[in-house]
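Letters A, B, C, D and E name the chains as they come in the text, with residue numbers starting at 1 for each one.
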């Protein structure tokens, strides 16, 4: 057995080593800020390795480093850097300032990278478990806070439940096709005509359940609001972007490669799920009082929109999905960054009513929140609109005009609760004196996300071309 | 004839034991019954000539995981456990959902057709011993997932410490 | 020779018992054990597929599943201990502070 | 040099000067600016009329006003015999009334504003009269309506005055609605709005019909257009259905009533019908409608004037009645007679109003003739001028009123129009009524003993020179203006009819000379008997009038309340519209239906959202159960759906 | 193809982005130097106006082609170009927007006290977005400006508005958003049918199947009808107007409402000629209802701004009637009436702002006899009232007469009913004028001082425009002739939709 060519694996290997390095350094270094800086440096190193490195398959198809996975890895690294930025000050205030926080983040990102480039369901499962386990721990990081415990418990139990379904589906597919490699499955299914065999259908649907859980799609979304509300805000930000994007990466790869030609059945199921997701996300968010819970439902709704890209299929559909997730990462983490800024000594700042009159006391912060809220709604000058526009373009191109109309109406409904925040900030008089825990790192994060949202909104061709090029390698 | 007899016994035992595990009021009884269940599953693996897995099953599952469970169960105050009802309020809903899934799975299993057969025949396993064959494949073809599992185990350790250790210095 | 389907039905039944246990039991530990049951059911079906298809891929996956189950147990029990430390309960219906 | 441009633009300049600099700079001598301007335009118009006498009419476009696709309209001036007559009437009356109001309005705090509005009115009336296309006519039409709104509501503190102004404008708008559509129909069918082109090509519209869809009614096109134009005339000249605003217009200062509601604006309707005689004469139906409406209005207004006690209201109703006469004349085809009556009526009606004004001036604003009496000795000039005016309106031979009224009655009697005889009968009866109420007014105000309060009595005095001189001049006009149109029968040259023949054509009565004498005799008898009856009722002691009022109490009450027309309109149009606005629209459609949907949907979604929210109970098993059930349905859908 | 940019430098882009740059400068100024903020805002708006004057003078009135055209690659992957251009229809509105913004800055000189910096920033960004809407020739660019305009307007109403501003702001936002998102899907469907291009001029040359035209017409109708506002979807206007600050309601009345009608002219009619012709009947019915409904409801209003808001529903009913009469007079009357309504209702709101600044009350019952106290103000208000009721010689009449003429040619009934609108119009406006200016002087109004120089300067341009359009409208009408002619050629260029439309229109002629 010649030494397998591991050059495409360099980014993953580097990430693993740096994660362990951060773990060790945590013993030596007292000031946790340095750990955070090292985490970001490691992210940039991996970023460089990603671009500099070689593309291609390794380990006979188990590891695939193509445009598709690189694009998703970029999203993961961006969310890692931004979350680290906003959590430096936050975990200091919460007095839970341990180095393990950053190493777990790195491990979770490693898990996502493995998932994104998994060409084999076994590797996919292991990557998913690696990511999930680290996020379960991160969710429960505030050991003293019962809400954080409850969040991690719920996420863990339901996560294990869903991964059991995933395993059962894998065993079923293995039984049917004798292999777990995605390309081999597709090839086998095509040649042996067991497409509409009930067992295949069962396994495909179980995959839908498992991945549906991961991206918090409608019937499997119940865990998301409680976990997002309970977990530390920075982890919530991380959870709402990283694992969700990884879930979509896997969803895309498994369904478009392995079950490519079963498209007619699973699309028929995914459309109602997408509509249900958008409905649940948008409608329940209206009556929320806790901002983190509202952003949780909004994140569910955005999963629904991204699913439209998946349903449209084809290179346009996948590209629009990827483009949307890229933009979604920025606006969502930006919004959470502002929520974090409100968390100061002795002031939770999670209720929407805490935002009353913010424009008078902190005009810059409220202006940024305004930009993010309008971007999440999808109002033109912001990136949110470009993301949604590309999705609808792909949907109409694939013939789902009515789905685009439904999605458009839901995004109009979403305007109501996003504008409620703007209304509270600008149109109400401030109750008490609100002071923000401004820190340089959160400031940088806000600056990066805000400029990204506005620049992509005005000059979107950069991201769109990147997404399109990425799909070519699919 | 003998093989069918053994399989029938093992299958029946596994099903009965799993139902008992799930329904016992006292968690300690559940853990012990689970131990018995794992031994039967190990035996089943032997009938499918997967000796190494049977050994792993006994050592890791029965030995390590159940011991962990036992420790945590001893933390609970059992008296209070015995009094309160063991099932949640709407338990028939859960049961119905499970049975519905069962019906679906059996419906689809009926027309199950097995995939292509590979080269590692039962005879080869007998000659080369199961552990050697598994080890060879594990460290040649599946080295990449093996490394990922090592990462998973590392995260498990970190997680356990972060969550359960009494006082973490900060 | 025992046909493959028997094994599959066995693993399906154990899997569903696991699911039923997870959905109905009040004690978190029992729910946790139900998940272990579901994983073992999958292991059974994987090993049976492996032996019938004369291919080792299933058993390798079983090997990994056992490892992952172990790590899950570690983390799960860690979470339960952390929860137990804050609120002396192991009943899941008391763990619903967040709703709506 | 087209000096005629000065006629309208001098008063316009006066208006601008007064309104812009009036408050600070000019203040009390604002009247000089306006009077000079109106006299200037009077001089120029006399010169222009003299030119027209010699045959050089003018028809030139100043500039292209609106041009959109096929629709081309310009601001242009047409001066022909008809315009000449109107120019004389408007500028003369306007100048005299300007001078009169310098005295009448002396000391009023809105002095400059009053004169600027007067100049604006003169400008608008002249633009209306001199227009050479329908749209500029419409412009003048609405502009005079606006000025009457300003001037009626001049003392805007008084609610009744501002209400009257508003009422006048809105009622005029009803008329302009028909007039506007008529103008549009003309353009749609003939492609142009310029008079000469329209009147030339109106012939080839004969026989065409227009179908009103949904009603499925077929109407002759020319009649349709003529009737629409007549709507405008009815609105502007306060004919029967739309007359309600004129009596209320008396709220304005008296010179305003004299100028606008006697001499000029109200006659615009008659001028328009006369100007459009080619259209009207091609549709006999329209002619009959005009004649009948005129006659009925004359009768209607005449009866009401019998019982009124407010002297300005009496003169107002007499104006409505005389306008009815003019429309009667046009209706039977005697356009020249109508215009001749308009010409003479302007003078003696303005005179009547100004005399009423000076009486009011003397009686410190008192208008009720029951509180007057015996003013002859205190105000000889006013008495004599008013007497002459009344004689003229009553149709006593020798005075202006007689010649024009007699001409109308004769042509009505002998003219080809089918309704001629019927309309002539009404006309004669109305002549009797006119004589009666005019002299009732004279006797109750100037004869008998004074019935007013004591300090009013010793306050009585003759009006100052600046007011009495215009009265005398108008008095000359009231008498001399008739002599221009003395008919052949009495050896006169009928110069007036000759002058207007090219524009309005000439209607030859078929009757014999003896019939003409008989008609003239009857009208004279009607006039004189009216005067005699009035003298009999009011000059003798004993309260004969009160006794008549008792036993005809029902008739008296109906007439006193002006046939309840105001109340009818209020109940039928004004109240229901405001009621629908308040309850139906704001209450139901906007309030309930549209707002219901617009607020209902988000509220519904909100309630639905809070109910959905409670499904999230926080129980892990519940989440897992939902997941399991979701999985079940997903698999079931795929398997069973296959 | 559109003729080259005759001015040399990209005037339209500078017109759009100059206010945005001004807003950026204000952003940098500290909150305390209020006068500096105000003067920068004023200078920017004046500069924008001066810059828009060459549009008026150098405009070539002989061609229907787009002028001052700019075209640059923007998003090549979707074939989206950053293309701007104006033609006869849109050039007047660009001028109106720049002029109105100056007046808004002037009128809110000391009316706005709280959060003044954000106020002027929103106002200037709003101006940029408005001009953008009128100039963009690419559907994507148009949609971006169309929605970008929502945010500053939402903030203007919501932050500086009256007591019930929050409800009015959210209602305005949701109303417009729901309408325009349907248009977004329409644009995307058109993108694919029109051969993967967003270029409006190219799309306008193609013929689409009638079925598609029908659906797209109604999708676009959803967005434009809300903005106009046409009858059933008008209830946001009174709330938005009453609650908006003076500057807000002036901009809303003068420019924002025009975008709906402009949308019909630029998109619905040229792109879907058969559907537009087939839909003339429902459209005219809705317009006539709007005219009469809006006018009658004014009679029942007790709030000054609410009354003027409902009157603009009635006036815009005239505009849509004119547009859907589908003939030269109707269209040109419609466009001119859009301009007139912008000038007159804008001026009316400016005047209401003047009196509101003194009495802080919008209830008509709090006023009375204002003419004696504020004679100059009364004179200004009188001119605008007369213009609003369409007195000949002022600008309202020209537009309304052409519309009724056009309406009449399309169908007698529509023309007749529209004409009744003028009567009711006179009724409610004069009644308003009487209750506010005539009668006894109300104590609340007694001691007020008349208009100062700033306020007079704000209203004088409007007076000039009112008389200019009234007396010599050809300066403005001549802009439109070629464009309207071209539009009508496109509409009547055949297609089976025509016969279908013919029968219906014939029925109710």
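Just so we're on the same page, contacts are C-beta pairs under 8 Å (C-beta built on N, C-alpha and C of every residue); 3 or more make two chains touch, one makes a residue touch a chain.
The structure presented is a predicted model; accordingly, all values stated were derived computationally and were not measured.
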Required steps from chain A to chain E (each step between touching chains, minimum) | 1
When B-D and A-D are ranked by contacting C-beta pairs, first comes A-D
Per Cα centroids, the chain farthest from chain A = D
Chain closest to the assembly centre - both centres taken as Cα means | E
Relative to chain E, the most remote chain by C-alpha centroid is chain B
Averaged over CA atoms, how far is the centre of chain B from the centre of chain C? Could you give it in whole Å?
-> 7
Please compute the C-alpha centroid of chain C, do the same for chain E, then give the distance between them in whole Å.
-> 66
Chain D to chain E, mean C-alpha position gap in Å, rounds to 38
Whole-Å distance, chain A centre to chain C centre, using C-alpha means?
-> 26
Touching two or more other chains in chain A are residues 122, 126, 129, 133, 136-137, 140, 143, 152-154, 157, 161, 174-175, 178-179, 198, 201-202, 225-226, 288, 416
The positions of chain D in contact with two or more other chains are 602, 613, 616, 618-622, 624-625, 628-629, 631, 635, 639
Among all residues of chain E, those touching at least two other chains are 174
The chain pairs that touch are A-B, A-C, A-D, A-E, B-C, B-D, C-D, D-E
Contact set on chain A toward chain C in their complex = 122, 125-126, 129, 133, 136-137, 140, 143-144, 146-147, 149-154, 156-157, 160-161, 164, 167-168, 170-172, 174-175, 178-180, 225-226, 229-230, 288, 293
Once bound in the complex, which stretches of chain B touch chain A?
-> 104-105, 107-118, 140-145, 147-149, 151-152, 154-156, 158-159, 161-163, 168, 170
Residues of chain E defined as touching chain D within the complex = 171, 174-175, 232, 234-236, 293, 296-301, 327-329, 332-333, 369, 371-372, 375, 379, 386, 391-393, 397-398, 401-402, 404-405, 408-409, 411-413, 415-416, 419-420, 422-424, 426-427, 430-431, 434, 437-440, 471-474, 477, 481, 484, 507-509
Of all residues in chain D, which touch chain B in the complex?
-> 619, 621-622, 624-625, 628-629, 631-632, 635-636, 639
Hey, which residues of chain D end up touching chain C in the complex?
-> 613-614, 616-621, 624-625, 628
